[in-house]
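You will see two complexes here that share chain A, one where it goes with chain B and one where it goes with chain C.
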Partner chain A sequence: MVKSSLISIQDLRITSQSAEKVLISNVNLEIGKGEIVGLIGESGSGKSLTARAVMRLLPPDMKVSGKIFYKGTDVLAVNPKEHRHLLGSGIGMIFQDYRGSFTPFIKIGNQMIETIRTHYKMTKNEAKSIALTVLEEMGLESKRVYDSYSFQLSGGQVQRAAIAMSLALKPDLIICDEMTTALDVMSGERVLDYIDQIRNKTGCSVLMITHDLALAYKRTDRMYVMNQGEIVEEGLPEQIRCHHKHPYTKKLCSCLLALPAKKSIQKKRAYSV
Partner chain B sequence: MSLVIEGLSKQYTKSIQALKHISLTVSDGESIGIVGESGSGKSTLARILLGLEPYKEGSVTYKGKLIVPKNRSSLRAYRKSVQMIFQDSTSTLNPKLPIWKSLLEPLDNYKEFSPSFLEQGLTKLEKAEKLLEIVGLDKEMFSRYPVELSGGQKQRVSIARAISLEPSLLVCDEPTASLDMTIQVQILQLLKELQRKTNMTILFISHDIRAVAYLCERMIVLKEGLMVDEFKMADIYHSDRHPYTKALIKAASID
Partner chain C sequence: MRKTLSIVASRLVQLLIMVSVLSFVTFVLMKVTPGDPIRDLLNVDDVVATKADEEKLKKEYEFDQPILVQYGKWILNVMHFDLGESIISKRPVIEMIVSRLPATIALTTGGMVVLFLLSISFGTLGAVYEGRWPDFISRWVAMLGASIPSFWLGLLLIYFFSLKLNLLPVMGKGTLAHFVLPSITLGVAMAPMYIRLLRERLISTLQSPYIEAARARGLTKERILFLHALRGSLIPLITMFGLSIGSLIGGVTVIEILFSWPGMGELIVSSVKQRDYPVIQGYILIVGFLVVITNLIVDLLYLVVNPQIKQGKETV
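What follows is the complex of A and B.
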């Protein structure tokens, strides 16, 4: 089903040493090149832990076992320096809390230059022109955002600037962890539209972590459902919504609020007339 | 007509006008949704309705009485009949008080009032247990502290607290925004059921039109302080909808 695998997570298991508790187990997940994959579940289901394991952002008292192959290399087995080299520019991550993405006392532009120059050898001016281009690509007023501090921008703008920053490093995979949760509907939609746009343009893959089944259903190629640290179901959005097998997926789908259907309203009208 | 808003405008500073000439009538027992993106003036409207925010232009009357934030004695009577639920249930509850004490704060404040669902002569703990029961929480919860409760449970406690005074108007400001999908539906079901039982008016502020469509009969759309659209739920796909409403509907629809 997966054409050519970009990242493959095999039997991932995370245990907390202090609490002696298994946090997630038997997580198998695969993302192909150019694919957009949804990982859905409720709070505490282990979605974010899975993403953090890939980025090696877990706190030190958590023990990780299993394998995560990124372009054929097991990212859990390499040393930190190689890991930085491998992932630093290969995988970008965007978090829910957009206020934490940028330091408040350094201008966005300078932070972007710093990040770009950490991964690529180039002069400040070259980095600046890349930064301005990617900001422009995300539909932002590039000069204004470049010279702003993060608190001078709206949530949607900061979130787009964060995507721009990860884009500047030409990633193969962007992990979006509840990217639109803190934004209102319309700015969330716009951010998601830009994600679609850059995916078409650069051919990168996206892992969309969300609790919003409707969002995943509309925006992803394939999705995984996670509950209590395990992946309980996997399939095409259509399958998950209409032909689910697992009771938890069923429960989730039953909670999916929908707008009144167009047809039923028209019918009601016909009767009342 | 219980709540009548006429030509209400609110200016924060010279350049920031939060509300522009809002006129709205809400009848008793109605549930109405207020939708708009951040900065559209939803919360300002809610704060004015609760008498938390002064306003200069326009008028807000509830059951024939004008709501004036500076008049303390009439506000006290008014606030008994109007309660609010906030998005952030964590900061609604005092972390240092056990749940039962938080629950009984409104009743302690209005000692002269005894709600119809509580029999006379109950002890404080029995009252708290009864309130917990109404919102579907385990009785044993009364002795716990807010940190020991999940987000959904805390939101239930704040609902219990709000309805303990039997308000005739309940203002909900994004009560489900920070909750999981399954919990969100439970809270909406609870609100719907409570409304059916008590026939209170619900003003539901949200940017999630799907939640509004579930709970409310009517919906108004705010954009940059202006009321751009107002319609009954059945007319949601009508061609007269404002382009902005259409965009919101498109974003929220699943198929």
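What follows is the complex of A and C.
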């Protein structure tokens, strides 16, 4: 199915120890090199938990079992130091809450230098020139953004700076967790265009987590549908849209927003007058 | 920059208002409280002074004039940096205070260092190991510190470290060793609140999205804790420090008496006993001044810790 697998999640299961509840189970997911894969489902279906399991960012009271192979290494089994090296330099993540993408009281430039120098041995100036280059590539005014705090920029700019930050580390996989949800439509589209560009240019893979079915149809190569902690369907966007098998996918597709016909709007307006 | 200037300007106005109100109220209160420095001066060694002697001295110190006139004259002199003369020692008040101020500031700084070390270490320990044994130790240290009166702790420290182990000097000032016990006593008395506050704040900061993002970037644990989380948790501590400067100066007085530390606390206690009005008045003025200046530094520190305030997005 997937020609050359970059990351492969096998039988992932997450349980909450405090509530003694199974949060996600039997999650099997594969992302090939250079692929944009969508993981869709409603809020609380377990999409973000899956991503956080890869990043090992789950709260301590959650227990994870199963295997997550990244380039053949089980990320759940490596020691914290090795995993830390993997993060950033191998797997980057963009979060939904852009205000939380950067520490608010440290300038974006300094945080970029800090991150780059954590993963690569180089001088401050070398790191700075990399930071300025990737900011420029993201269509940002590199010098201004470099010298700004995150609260001085718009949501779209911060998200692009966050992408620039992970790009600076040359990742093989970028996980985007509802990255456009908090943005307005135009900014969201622009950010997604940049993700497309990066994939085409660098050949990295993208896991796009979203509840927006339309976005997933438009932007992904392959999709997984998640419901109540389980993956219920997998396939190409057209397959999911037109030939879905699972009742939940059917329900999800039927909820897809369609613009009302012109006539019905005019009618409504006439009544209200 | 504009924000910084406006903070400085508003604090300076505040300083003027506070110092005038404070000095006037204490001036009046001192005059109406029982006790009389003139009688204290005359009644030495059971020699009974006559009414005439009393009147003569009162006239000399201008105590016979209305309170408002006395206050007016005093404040005019203050504007020329003249705080008057001590009734008892006849020395200029400003000289008496200035000679003792460095000792008090040195002791307070020592106390601050101990306070800083204790609250950062135990506060961080409690937050990072939340619910585990280091957290319990941190809680016990805070509880113990809060329940031991500082003068008793000072006595205990003197007993063990000076008398029994003979490691540190009992009292006085001079070498670095003299700083150790008074600084520890002062720091331990203030630390519990800060330990608890830092712990609570750090726990919530460690769960904030920007810390999660820093972890996702693969930064080291130490870097995230000290450069991102700890700095993000400092604001309430700075606020509390600004609010507690008054009580800190009160606490220093107790410690100075206990360790015979030749600072302002010792001076003020003996002056109050002898009703040495000019010294008390001068002391209150200087302390009021110090409190406002420290609050100004605290406000400027906010700008360093949280640049959002500079943008006017948050208020001080």
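Basically, the second predicted complex is superposed on the first by the 257 of 273 C-alpha atoms of A that agree within 3 Å, B and C clash if a C-alpha of one lies under 4 Å from a C-alpha of the other, contacts with A are read in each partner's own complex, and residues count from 1 in each chain.
The rule is simple: a contact is a pair of C-beta atoms (placed from the backbone, for glycine too) under 8 Å apart; a residue touches a chain by one contact, two chains touch by 3 or more.
Because the structure is a prediction, the values reported are computed rather than measured.
By the touch criterion defined above, A:Gln17 reaches neither chain B nor chain C. In the superposition on chain A, contact is made by A:Thr115 with chain C only, not with chain B. Of the two partner chains, neither chain B nor chain C is touched by A:Thr123. Of the two partner chains, chain C is the only one that A:Pro104 touches; chain B does not reach it. When the two structures are aligned on the shared chain, A:His211 is found in touch with chain B, with no touch to chain C. In the superposition on chain A, A:Met186 makes contact with chain B only, while chain C stays out of contact range. In the overlay built on the shared chain, the residue A:Tyr149 is in contact with chain C alone; chain B does not reach it. Across the complex, chain B is touched by residues 42-43, 154-155, 184-189, 211-214, 217-218, 251-252, 255-260, 262, 265, 268-269 of chain A. Put simply, chain A touches chain C in their complex at residues 55, 57, 84-89, 92-93, 95, 97, 99-106, 114-115, 118-119, 149, 151-152, 162, 165-166. Contact residues of chain B toward chain A in the complex are 37-38, 151, 180-185, 188, 207-211, 213-214, 233-234, 236-237, 247-249, 251-254. Contact residues of chain C toward chain A in the complex are 208-220, 223, 227-228, 231-232, 305-308, 311, 313.
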